[in-house]
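Down below are the structures I want you to see.
Shared between the two complexes below is chain A, which has chain B as its partner in the first and chain C in the second.
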Partner chain A sequence: MTPSAGRTSWPVLAVIVVVAALAPLVFTEFFLSVILTKSLWLGIAAASLIFLSAYGGMVSLAQVGIYGIAGMTFANLVEADGGSAAAWSPWLAVVAAIVITVVVGLGFGAIAARSVGIYFLMITLAFSVLVYYFFSQVTQLSGFGGVNNVDLPALVGNPGQDPTPLYYTTLVVAVLVFVGLRYVSRTPFGLALQGLRDEPARMRALGFNVTLHRILAFGLAAFVAAIAGVLSVWYNSRITPGSINLAQTIDVLIIAVIGGLYRLEGAWVGALTYALLDNYSREWTPRVGDALGPERFNTILGLVFLVIVILSPGGLVGLWEKARERLDTRRRGPPGGVAAGPPAGAAADAAN
Partner chain B sequence: MSGSPQTPLGPAGDAEGSTPASGGAAQASPRGRGGAWTPGRIAIALLAVAVAVWLAVKASEDLRQFAVVTLNGITLAALFFVVASGFTLIFGLMRVVNMAHGSLYLFGGYLALEMQDAWFKEQSGLGISLSGTGDASYDLMSWVIPLILATLIVGVIGVVVQQVFLRWNQGQDLRQALITIALSVIFADQMLAAFGGISKDIKTPTDWPDSIALPGDVRFGFFRGVIVLGAALLIGLGLWWLIRRTRFGQIVRAGVDDRDMVSALGINVQLVFAAAFFLGAMLAGLGGVLGGTMIALAPGEDTSFLLNSLIVVIIGGMGSLGGAAIGALALGLVDAYADVYLVFGDTDLTNYSILVTFGLLVVVLAVRPLGLFGRPA
Partner chain C sequence: MLALIGATLALGLVTACGDDDDDGGSASTEKSGGGTIKVGFLSDCEGAFGSFFEPTASGFNQALIDKAGAKPASKKPSEGVTGATVAGKKIEVVGYGCADDTADKAIEETRRLVEQEGADVLVGPLSGDEGIAVANYAKEHPDKTFINGIAGAQDSTLKVQAPNFYRYHPDGAQWSAGLGDYAYNDLGWKKAAIIGDDYSFPYTSLAGFVAEYCAIGGDITKRIWAPLGEKDYSSFISQIPDDVDGLYVGIGGSGLINFVKQYRQQKGELDTKRMMGNVFWDDPLVLKEVGNSLIGGTTAAMTAGDSDDPEVTGYLQRLEDSYGKEIAGLGPSVFTYGYYTAAQALIKGLEEAEGDVSDQKALQDALANVTLSGDEAPYGDVKLDDNRQAISNIFVKRIVKDKTGDGVPDVETFRRIPDVDQTFGGFFSADSPAPDRTNPKCEKRDPPAWVGEAEEVSFGQ
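Moving on, here comes the complex of A and B:
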């Protein structure tokens, strides 16, 4: 349905990766850490959401809850202040965190995957908020002020002093996630997933187990979200229940929507936009009584989100594609029969 | 496994007696219908028995505590019902999931509080107290007038939101949900700016008693036990009457089933939608005044009541008022019992109580993916 959804522009990706690899030479440490590294791991979290939405037609709000589980598990298993501080080796803890998270994610998927559209959104939102309440209540796991000074693997050193190793680690992981999810979308599994996004009844008639495919997709997205969760702990070297609350759930949704719910690369476009807004909007926000000012970042973010949802359901990537399409049309005349229209996920949701 | 022969492609089509196929098709496991004892059902029945036995044991240990905890659960359920009934009403008619419902709840509470503070704060004595509010006295009107005004204003805000943001994109349910999420982010931040981050509450009239005596030497809060519960019962009955007995209700029910047909019959559906949104938002605002008096008003309460409304309607089934009542009761009782009774010998598991709420959600969704009274859209 979306002609461009399956196309990866490899030269463009290569250029972006090379530019990104040179970033530490150009930018200050502050920019590298607070803008670039943060966008990369937030982008991975948003990518897990976009993967489900773009290929499976499922908009899941559980991704922050799921990455919270991974982050909390990791932080509890290694040496840290607060939590259970089991003092495992960090890499072992990473594996355990991801395994546990994927198992929980498959469980969530098994419950939610029988619902579609807006029901799915509501059920996954409930999951995410329940995970947050769980960790705020169970202080044995979340400490009283969060789990702090988490032991990190030697690979990333101390991001507080030198952010470069963590930046490169996150960059490599983000590229692997992007390429991996792109690869999955072309496997028989990925194609079946896109088939049941558009025509679940037909796919069922063809003998596909629709629910099982949805559950497995949810598990894969949980795997990606788990990676983001572990990276978020490496980035902050701490985790608190407050960092996985509803506001964060909505922030990751906003990132995905700003980038575009129908293109995987939108995740990082959205995350970069978000990080830039988060840091620099405070400087130019005018003061209007109590209603607007540097401390009213959420109002700005909400307004940006609102404008994007109203103007372009495909987000910034959608806007870009629309503009390019218009240019193409002017150059070559109207396209013959290729329906570019609203992205398939939206159509499927509306139909449900 | 089940007794009746299941032939998916057989000519009969309805292996479940004379039930039309449309009802069974929505269910993920049609085989589970018709009273067959599948392993899942046996597990749930065993779970229900275990919960009943556990409650009976706890109740026999301290009957008075059990009565108070049960009343706590029921009054909490009453508040959940008031808020969630508005949510489910809007969804039932318009298929709009109003994610800003929690914001409307909190805003209703804050509005009433501001009016009460501005107009009715009669200082007695020196007017200076360490707690800041201790010496003020309030008469009946100081609670009722803010309640009515706040409820109406929130209703109007609901209509404005619907007309400006949701009218032109009917049918795009995901987009509408995203728009209301964006609004809830803005509302939450603006309320934090306007009303601050400190927890506040609305004062009850000074001459209302603190608590009432019940048989068996049980005392229970007057506001919770009488006002909130009474309000919920009145609202429940009123909504039932409105939906079942009036022309407006007829149109709403017809609109739920077939919007286009109602429109084709010459009824102004847009007007009905606006009215339904007014009513739904009013219920959120009213809930906010009740909740702001019964519990507290603070940033985060909007989230908490959005979550409660979501769970209530997920359990009860989207769009069903009866479902909202049952769902609210289930959630309220489970919350109340789990907060107190999750103690087994020396191990205190009460801070894991949220897992019980989660368990409730899972059990209901496992049996009925659309909720207890849910129907396919």
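Moving on, here comes the complex of A and C:
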């Protein structure tokens, strides 16, 4: 499966964005915040992982550590309970957080880019763990019980009272990230990245600096992860070392795998699926003796993960593409749009 | 591709609409039924304290069983209770929320219970950082009421001061009251080291020790911190200095079991005459696993496992009747007991407010004045201070050889420290630095009022 096959077209994206923009009219504040806003920023974090994986062939576990650096930097630079509470303007803090994170990301990249496969995975995992321990032990930065009541820009207001502004902000940023990463994948830089994903030796022979390319890709992914980190602090209005622990690292990987490691869209599909499961399985999980019950909701998440990995290595997005290929070969023309509603018609248009 | 996202969104829509219907449905029953009081329960079923999920639920349920006419739905506490009513209104437990000792998850669960399930009152959470986060959340939601479960961080009441957040048990620092006095004046520790997990609860319980021990004249020469969730304490054990008179251990949950085992491997048997521990030392789960190594050690908390007070035996008997021996065995654990007193206070507050949760003002005013005594707080009377934080007594205990014949070491309570307040006689305040790796500083000053006022007690003699 190649990432360039079957791109989501502009009209399709436009429809999705319009549907998403209407969400605040339809959903409760709780759903808007805890499911949709969270999916959007988690999706951005997962997109940084998927970008590296799909175009660069690098599955990085460092993304949570990297967004943790951005989140902690932001939380420390603005007014807050705990941390250094430097009381900068939130926008200045955003810029500083992203710049610092990208610099650290490039540094991580310089170390990790020379390794591949399992070694790359291990080195990036070590980065995340390193960041977690750094912040859990340097309490001057992570505060007593985390950095709480973080000052947010006026743009997003108080998400605890009215989640809509933050939702729209996150939506716009997510769309920009998606479009931006997709654009990058078509630039000479992106094409070369895909080239050295598939044939690093040949690319080197052609005169490309493979390592530098990888480092830059890692830096770009760090930029995207930094955005997710800042948004995560806006969403929680707090950050604690627990926000960026190993469990969170695994969750972001699970999101990427559920959605599909080969397509950027998978990031948000995976994040939405994860957020829905994580929230609702706590009530829905049936009780089966001592083996299963609402307190064992993680079992459900694990089973879904297992089923998806077995059925479709390309995640949910891969599953859909497989189904569409089958339909396309069986009969030409638009696939049955009844079940999926109007968007399916648009998808068919896009496919033709 | 689009169809997939469309379908996912559609799924979300269906889910959300389903929720709306649910909420709408319950809201209408609420109106027609003359009022149901919705209570959310929040504890940890994952993370370092995951094993305390059922015990905390049992304490919470038992209060409803005792005072609200509820019946346990099954022998598994988290399956809930049926038929709870207070002041003529039905009490519905809208969910047994499960967090994982991180603040983010605790808030997501709080939001689920309060915003999605519509809880009027939340009882919880369990651990330190979660408590601070929930207290901050409470501040932003004055139309809801929050009663702390057993999260012991000082800040949640001392600093956050949310007017609708109540804590009917002593905080982590209060639990250490009496130990500094005992270490300095009875055991003769002039110099001590402390070791603890690196997060807010141990900071707080060690702060209680430091505040008292140093005030009398003791000196702390080293503070060692291990990350929460650490499995391998060996590198921290090797940092314990040899030239101190004693060691205060603030390691909790499953960590303490690992710590004791590794300490034995590295340094031999624990010299318990030179050791004290925080509230986890006499937790029944810990005693069962490594209690034999802790015999002789001193600890303190708001409960006394050996108490033969009729109120205590009654409380344990009722727990056993509801949930069997195993869960009742954890009745003296602060986890079970914290949630028990929280729910007792809630019921008393609701009775006082005549079940009126419409604007919660009546309930919140009532809760601020609730005092617990007798079977409501079998281990000692509770009243609240101006920050809605409990003032209560603390027991100083020592771990002794098995007396009951169950193979598990027992606890012998020997002192009761009366009226322990959160500020340690003004030492802690909203302006004092939060307890952390280096604070509070070790300074000689006027000791808290209870130093020298301890009552010697002896149960079962």
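Note that the second predicted complex is superposed on the first by the 322 of 352 C-alpha atoms of A that agree within 3 Å, B and C clash if a C-alpha of one lies under 4 Å from a C-alpha of the other, contacts with A are read in each partner's own complex, and residues count from 1 in each chain.
As a convention for this text, a residue touches a chain if its C-beta (ideal position, glycine included) is under 8 Å from a C-beta of that chain, and two chains touch if they have at least 3 such contacts.
Note that this is a predicted model, so its numbers are computed, not measured.
Chemist: Sticking to the clash and touch definitions up top, decide whether chain B and chain C on chain A clash or fit.
Modeler: clash
Chemist: What is the contact status of A:L130 with respect to chain B (first) and chain C (second): first, second, both, or neither?
Modeler: After superposing on A, A:L130 lies in contact with chain B but is clear of chain C.
Chemist: According to the stated criteria, A:V26 is in contact with first (chain B), second (chain C), both, or neither; which is it?
Modeler: In the superposition, A:V26 contacts chain C only.
Chemist: Per the contact definition in the header, classify A:S243: touching chain B only (first), chain C only (second), both, or neither.
Modeler: After superposing on A, A:S243 lies in contact with chain C but is clear of chain B.
Chemist: Identify the partner contact of A:V34: answer first if only chain B is touched, second if only chain C is, both if each is, neither if none is.
Modeler: A:V34 sits against chain C, while chain B stays out of touch.
Chemist: In the overlaid three-chain picture, which partner chain does A:A154 touch, first (chain B) or second (chain C), both, or neither?
Modeler: Neither partner.
Chemist: Check whether A:A205 is in contact with chain B, with chain C, with both or with neither, and answer first, second, both or neither.
Modeler: It touches nothing on chain B or chain C.
Chemist: Pick one for A:L303: touches chain B only (first), chain C only (second), both, or neither.
Modeler: Touch status of A:L303: first partner only.
Chemist: Which chain makes contact with more of the residues of chain A, chain B or else chain C?
Modeler: Of chain B and chain C, C contacts more residues of chain A.
Chemist: Counting only touches as set out at the top, which of chain B and chain C does A:W320 meet: first, second, both, neither?
Modeler: second
Chemist: What is the contact status of A:V288 with respect to chain B (first) and chain C (second): first, second, both, or neither?
Modeler: Neither partner.
Chemist: I'd like to check the shared interface: which positions of chain A are touched by both chain B and chain C across the two complexes?
Modeler: In the superposed arrangement, which is not itself an observed complex, chain A uses residues 133, 137, 139, 245, 297-298, 346, 350 for both chain B and chain C.
Chemist: Using the touch definition up top, name the residues of chain B that touch chain A in the complex.
Modeler: The contact residues of chain B facing chain A are 28, 95, 97, 165, 171-175, 177-179, 181-183, 185-186, 188-190, 193-194, 303, 307, 310-311, 313-314, 318, 351-355, 357-358, 361-362, 365-366, 369-370, 377.
Chemist: How about chain A: which of its residues touch chain B in the complex?
Modeler: Residues in contact with chain B: 59, 111-112, 114-115, 117-119, 121-123, 125-127, 129-130, 133-134, 137-139, 211, 245-246, 250, 253-254, 257, 290-291, 296-299, 301-303, 305-306, 309-310, 313, 346, 349-350, 352.
Chemist: Which part of chain A faces chain C closely enough to touch in the complex?
Modeler: Checking each residue of chain A against chain C gives 6, 8, 12, 15-16, 19-20, 26-31, 33-36, 81-82, 133, 136-137, 139, 144-146, 148-149, 158, 160-161, 236, 238, 240, 242-243, 245, 247, 265, 268-269, 272-273, 276, 279-280, 282-283, 287, 293-295, 297-298, 316-317, 320-321, 335, 337, 339-344, 346-347, 350.
Chemist: Looking at the complex, which residues from chain C come into contact with chain A?
Modeler: For this pair, the touching residues of chain C are 1-13, 15-17, 19-20, 23, 45-46, 53, 76, 78-79, 95-98, 100-105, 107-109, 111-112, 115-116, 128-129, 131-133, 136-137, 140-141, 153, 155, 159, 198-200, 203, 225, 227-228, 434-437.
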